[in-house]
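Accompanying notes for the structure given below.
Think of it as A, B, C and D in the order they're written, each chain with its own count starting at 1.
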């Protein structure tokens, strides 16, 4: 249940007139983190949705420490918190190129059947990858 | 085939570090304009989609004249350009509270069947409203 | 230290392919809430920034209960949590037109001097308005 | 005055409930294109702004051909149209991993002095790079 790192550059559109990344846009960065965490395990979130599973976010907690700036090369580190059941929980840290901690975050997502809209268990093919 | 005016306030998230509204966000403002143009005719875009019709944008042209600022109360004026066939074309002007012209724009959208993904004619219930 | 309610309509651009409002966009809704809370007290956030005070968000917590949908008329209720000192804390609830609870949230923001980038106390003119 | 190619992956937040990338978000993609075009010449847009030059967009034209989808690996090709004077004009094409043409676009931007807000000529250090 490893840690995944993913780096990306801050876009102009993501800044606001305070001259820093708009605080609401961090949600996208943490999503990039967990999507790439999955991809690193050989799973795409796209294929999960295509196979009828959705993963709505049910809680989002962000603590902002330092501002992210335009054109910064950021790294989001994504860590699975525990074995997923009907929910899956991740912790994140976001750092800049100088290694400064910009934010920490936590999200809980729920496995949901796309057709019925009802909660389901974490698919076995994910649990198996986690056991590897 | 009237003109509709719709006013709204600029959000903080819509600005960028130039201290003005990010140019790409104007696309949302013109969409607000045409959605409210429809609503003023007694039609909601939501109900159109629910009834299986989608209206993808096939061209977007914006000319920027003056910057929109945070917390400005903007007005988008939306004008249907001609009787819609398989496409529907709108002209827009965006002004601020002082009446200054911020931008002009034009969009062409295509009527599309949601199931087949194929182009269709403008629904009769829209044409009838336009004749009123 | 009253409660303020503000209503607004969900934009198309705010949805994602799950067919609901993208979870990260709720941050903008809560910002609308506190900006209108301030305005209801006779203060604009714009004038605060123009006068050299910034209010960066230092934590954002959102719990998602039910999906917000395109064209929904939402209401955000914003409640100041305690007398502001160097920080100001708000609780929020977001409901739809049927009165269903969509989300609860909490933000903490810090008063900051724009020039020095250093924390400052809540300006007196805000404290005075709160005492009224 | 070469052509630059830049590839990136579509984010979930960029989609809308039509199941495709929201048309207004393409503006960000073309901005990525011209920012990376500059970087390929050894210039960062960030350093230009830091040195007092801004480049507001004064026109944006997009023709949409085919939908971009979530998780698609897109490539934006950015081509300078002519020698920049007080304005700089770019043509863009956006393609997906299968080589399908998704959109063409054109932007005109103006060189502007950040302090005075007045138009200026394209800086010599850019013209020199173009002559190389």
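The working rule: a residue touches a chain if its C-beta (ideal position, glycine included) is under 8 Å from a C-beta of that chain, and two chains touch if they have at least 3 such contacts.
Here the structure is a predicted model, which means the values were calculated and not measured.
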Which of A-C and A-B has more C-beta pairs touching across its chains: A-C
Homomeric contact chain C-chain D: same or different residue positions, threshold half: same
Centre-of-Cα separation between chain C and chain B, whole angstrom: 27
Mean-CA-position distance for chain B and chain A (Å): 33
Between chain C and chain A, distance of the C-alpha-averaged centres to the nearest whole Å: 24
Where chain B touches two or more other chains at once, by residue number: 12-13, 17-18, 20, 24-25, 27-28, 31, 70
Chain C residues touching chain A - in the complex, by the definition given at the top: 17-18, 20, 23-28, 31, 49, 54, 56-64, 67
For the chain B and chain C complex, residues of the former touching the latter: 11-13, 27-28, 31-32, 35, 44-46, 70-71
Chain C - residues contacting chain D, complex: 12-13, 15-20, 22, 24-25, 70
